[in-house]
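Letters A, B and C mark the chains in the order given here, with residues in each chain numbered from 1 onward.
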Amino acid sequence: MKLNSSIAFAVLLFNFIGLNAFSQAEKNELTISIGYYNNNSQIHYLVAQAKSKIDGRFQQIPNVALSFYITNATIPNLLGKAVTNEKGEALLLIPPSAKNEWNKSAKQSFIVTSSASKQFDEATATLEITKAKIMIDTLPDKNIVATLFELMDSAWVPVKEVDLKVAIKRLGGDLNVNETPTYSTDSLGAVAAEFKREKLPGDANGYLTLIAKLDEHEIYGNITAEKLVPWGVVIKHASNFDKRTLFARRGHSPWWLELLAYSIVLAVWSILIYLIVQIKNIKKLGV
Amino acid sequence: MESIAKQKIVEDLLPQKFGKPGKIWVGILLVFCALGLFAYIRQLTKGLAVTGMRDYVSWGIYISNFVFFVAISLVGSLITAVLRLSDVHWSTPLTRIAEIIAVSAITFASIIIIVDMGRPDRFYNLFIHGRLQSPIIWDVVVITTYFFVSILLLYFPLMPDLAILLKFKEKTGAGLHKLYTFLGSFWKNTNAQIHINEKAVNILSITIIPVAFSIHTVTSWLFATTYRPGWDSTNFGAYFISGAFLVGAGGVIVAMYIFRKAYQLENYITDSHFDKMGKILVLLALLYLYFNVNEFLVPAFKMKKSEEDHLLGLFTGEFAPVFWFAITTAMIIPILILVFKKGRRPLPAFIAGILVVIGSWFKRYLIVTPTLLHPFLPMHDVPASYRHYIPTWEEWSIALGSLAGAMLIITLFARIFPIIPIQETITETEQNETK
Amino acid sequence: MKNNDTSRRDFIASSVLAGLTLAGCSTKDNPFEPDIQDQVQPSGETVKLLSVNGEVIEVDKAFLKPVPDLPTVSNEAARIGIPGKKFVMVIDLSRCKNLKKCQASCNHMHHIHPGQNWIKVYPMQEAEHTAPYWQPTTCMHCDEPPCVKVCPVDATFKRQDGIVLIDSERCVGCRFCMAACPYSTRVFNWEKLDLPKAISDKPYSCETSVPQKIGTVGKCDFCPDMVRKGDLPHCVAACPNGVFFFGDMNEDSVTNGAETFRFSELVKDKSGYRLMEDLGTKPSVYYLPPVNRNFPFEPEEQDTTQKNS
């Protein structure tokens, strides 16, 4: 009996400690990752992703308030704030206030922080990039040339031996221009690719959007350049949306159905109305 | 015709106050209606989750009940129109019974379809957003039309009787007298009136037949326009209509027997009526049996993969007891009873009628549910409760409540109006005498 | 997983600001080339931003392409669909190992009632001696949809971009569409959904299918809201094995985020087919047969559906 109760006590105590430890460990570690994006050397932006390992697997964390900084995490260098969406991502376009810091150097660092919350401790992430750009151009016979430059001091210099992807922009993804998905830049920072997608549908005028891109490069980030070329065929959109079909919307039923339905309804109901008139006539006769 | 005989007919057929059994009967019906209403309020507050229906069996006994009501309502056209047009006169005393069954059944068919809707509050969408392509819209149109045709077919022959009723103010009471005045004070039994009336009834009798065929054919199309095994049949319209005539005729025999007992109408609903209705019922049961053989034997001969589980489920599987019960009670036993002259006496015919009605209800259940449990892609990725269909007490209560409601309408109608047309009976007796 | 993340971010990178650059800010050679694919009307509302070159520029808000709070389209626009598109999906059965990430992501993003699924992964076996395989099913978005044929109130409709959607504010809950669909793809909201207030208070949109309403039918919607943002449907993005390919048939290309193919070549080379072709429903979802499979077929230890009941 005594033994039993002491075991029970021990179990209880253990549970208590265990629970305590658990409640302390309830705060999960938040991991932030940053990506830098630059398209056609125009507008650039940052995407931060918040993740945490919960129940042994990484999950994307929505509704985390993030502060984005340039150079260092001080108030004057605050670029802006954003909250992560359902996929744990927050996007921030670089505002004009960063002009001075951005123009200071060819290398830049971005800092993203989140303050401590009920669920998570505070977290910080830093990303360093070197300013870079891609130029895309075309040669006769449907050849594409893309060149990668980086900023050194104040001059754009070509970068060699970096893998560039040259493709055609499509909905949700990029279609290779031929069998080769990526090309390594030569000593002039350039890659050449031959366009081999015959009769690929373009836009209403047959234009395709070529894209040259660098994905998640550790030095330059995500850089893309795009160019419209008249190499596609005119897109054809056939839809029976406005046709009269059984699966069309209200008011678009086939003629035969409308004719049949309305003539039947009309015929039967005119008989019924005639009969109601007859009731009136009987009434009149009885007055 | 002697006025004494005429007076006797009138007195026999005047609506009578409820006796004790009548009051108990109405009380029982009201209890069932109240229970159904209570269950429906629960369904309105909690959603269709209170039913046993789930994603696979998305239609259950509400739809079975709907099909049953539409089916039984077809009898109005059979007794009144088909027999009238073929110049059969013995059926005259049964016309009003048949018509009121039709009106009450079609009323509750509409009610039960609203009960089955997930969003009854959006019922008006059917009118403001109705798509002509949808068989449901066709059903709405034909059911509304049939309802009006049936009401008119009830009302025209009622006019002369209302004029007779108006003469018995002390007997009927002031309240009903007002109603009769409103509905029929204009009837003076003039030749012109009779002529218009007869013509109207003839037009209605012709009109109601295609409309009646439409309601049940369109109802069968709610199933036959889908791809599902057991429903994907070109036979469905005829199959449904033959079944509808069967259950309707069965319902009329049941009602005949009860009214005859309750209101002592032995002189008007005679043994000969049961004999003739019994013969009709045998014919209809054989016809329906023929369609059943067609409907099941042909696909069973081929045993297509998509049909196999469904058919085996009916013949030997989980639905076999209900399937064979429905076939035997709705068709085989009634045929065996009614094919003999002794079996067409009132009581055995009444029993056969009840069997037909009950068997037919379960037949409607079998038309709806087993098919839904055999989808093209196997049932998968759903909670276990989604793989079966067991109607809940709420569903049973609402289904029984609606049946009770339909019977209540018939009962109250017989309390207010003569259930056997008085004027027509007088006229026919006169005609028989002059012959 | 990693692979997939990359592809997703790629995707944003390529789509963001594309409208802007092409619509006339920078490209030297053809700045005013008409661009039918991004039919963006300037909103008149501009934001000041810093360019890569360190200059302050003004940009119309409408050209900023994944806008965090893209306004939901009107009901009228949602019923017509995205102009010029014809969406198509290709499901590669040889890559599926029943991880159900597609299903989890779909359920999560659409706040579907627990236990119900818009995407199902069926263990299929045509005959006793044929090989079993996993078959994920979405809504087939048929070109001649039997469900739309029977809808009495235009609550489910076929758009010009091929997507079949449901207007849960219109649906009367007759469930005829569920009976009509041979693919058992439709589910019904039998009871009130227990949703967080932030979700349940959202105005319903046919394009997001959120929030689902009691007494109405729900199903896979091909995520047109994501497509409008230039993103892929949730199931496509969530699948770590790249089973789902999504794209525009008019562009003749499909992508799973990481790989992009010409739709016509892919279906031709791998003998793509559609489900229940004999019914004449003309689905928009194509299947690539489960040949040269990436994973062996491992039956589920226990039917996962049991635990939900």
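One rule holds in what follows: contacts are C-beta pairs under 8 Å (C-beta built on N, C-alpha and C of every residue); 3 or more make two chains touch, one makes a residue touch a chain.
What you are looking at is a predicted structure, and each value in this text was computed from that prediction instead of being measured.
A.B. asks: Can you name the chain whose C-alpha mean lies closest to the mean of all the C-alpha atoms?
C.D. replies: C
A.B. asks: With centres defined as the mean of C-alpha atoms, identify the chain lying farthest from chain A.
C.D. replies: So the farthest one, by centre of C-alpha atoms, is B.
A.B. asks: Please state whether B-C or A-C has more C-beta contact pairs across its interface.
C.D. replies: Most C-beta pairs in contact, of the two: A-C.
A.B. asks: Averaged over CA atoms, how far is the centre of chain A from the centre of chain B? Could you give it in whole Å?
C.D. replies: 59
A.B. asks: Per the centroid of Cα atoms for each chain, what is the distance between chain B and chain C, given in Å?
C.D. replies: Comparing mean C-alpha positions, chain C is 47 Å from chain B.
A.B. asks: Mind checking the centre-to-centre distance between chain A and chain C? Centres are C-alpha means, answer in whole Å.
C.D. replies: 13
A.B. asks: By residue number and range, which residues of chain C touch two or more other chains?
C.D. replies: Those would be 146, 149, 154.
A.B. asks: Note the residues in chain A that touch 2 or more other chains, in rising order.
C.D. replies: 246-250
A.B. asks: Which residues does chain B have that touch at least 2 chains other than itself?
C.D. replies: In chain B, residues 129-131, 133 touch at least two other chains, as defined above.
A.B. asks: Once bound in the complex, which stretches of chain B touch chain A?
C.D. replies: On the chain B side, the touching residues are 129-133, 138, 141, 145, 148-149, 152, 155-156, 159, 185-188, 190, 192-193, 196-197, 199-200, 203-204, 207, 210-211.
A.B. asks: Could you pull out which chain A residues touch chain B in their complex?
C.D. replies: The contact residues of chain A facing chain B are 246-250, 253, 257-258, 261, 265, 268-269, 271-272, 274-276, 278-279, 281-283, 285-287.
A.B. asks: For chain C, which residues count as touching chain B in their complex?
C.D. replies: Answer in residue numbers: 103, 115-117, 120-123, 137, 146, 149-155, 170-176, 178-180, 182-184, 186-192, 214-217, 276, 279, 304-306, 308-309.
A.B. asks: Within the complex, which stretch of chain B touches chain C?
C.D. replies: Residues 46-49, 51, 53-56, 58-59, 116-120, 122-123, 125-126, 129-131, 133-137, 140, 222-223, 225-228, 231, 372, 375-386 of chain B touch chain C in their complex.
A.B. asks: Name, in rising order, each residue of chain A that touches chain C in their complex.
C.D. replies: Listed in rising order, the residues of chain A that touch chain C are 35, 37-45, 47, 82, 85-86, 90-91, 93-99, 102-103, 131, 133, 167, 169-176, 197, 200-201, 203-205, 207, 209, 211, 213, 215-216, 222, 224, 226-228, 235-237, 239-242, 245-250.
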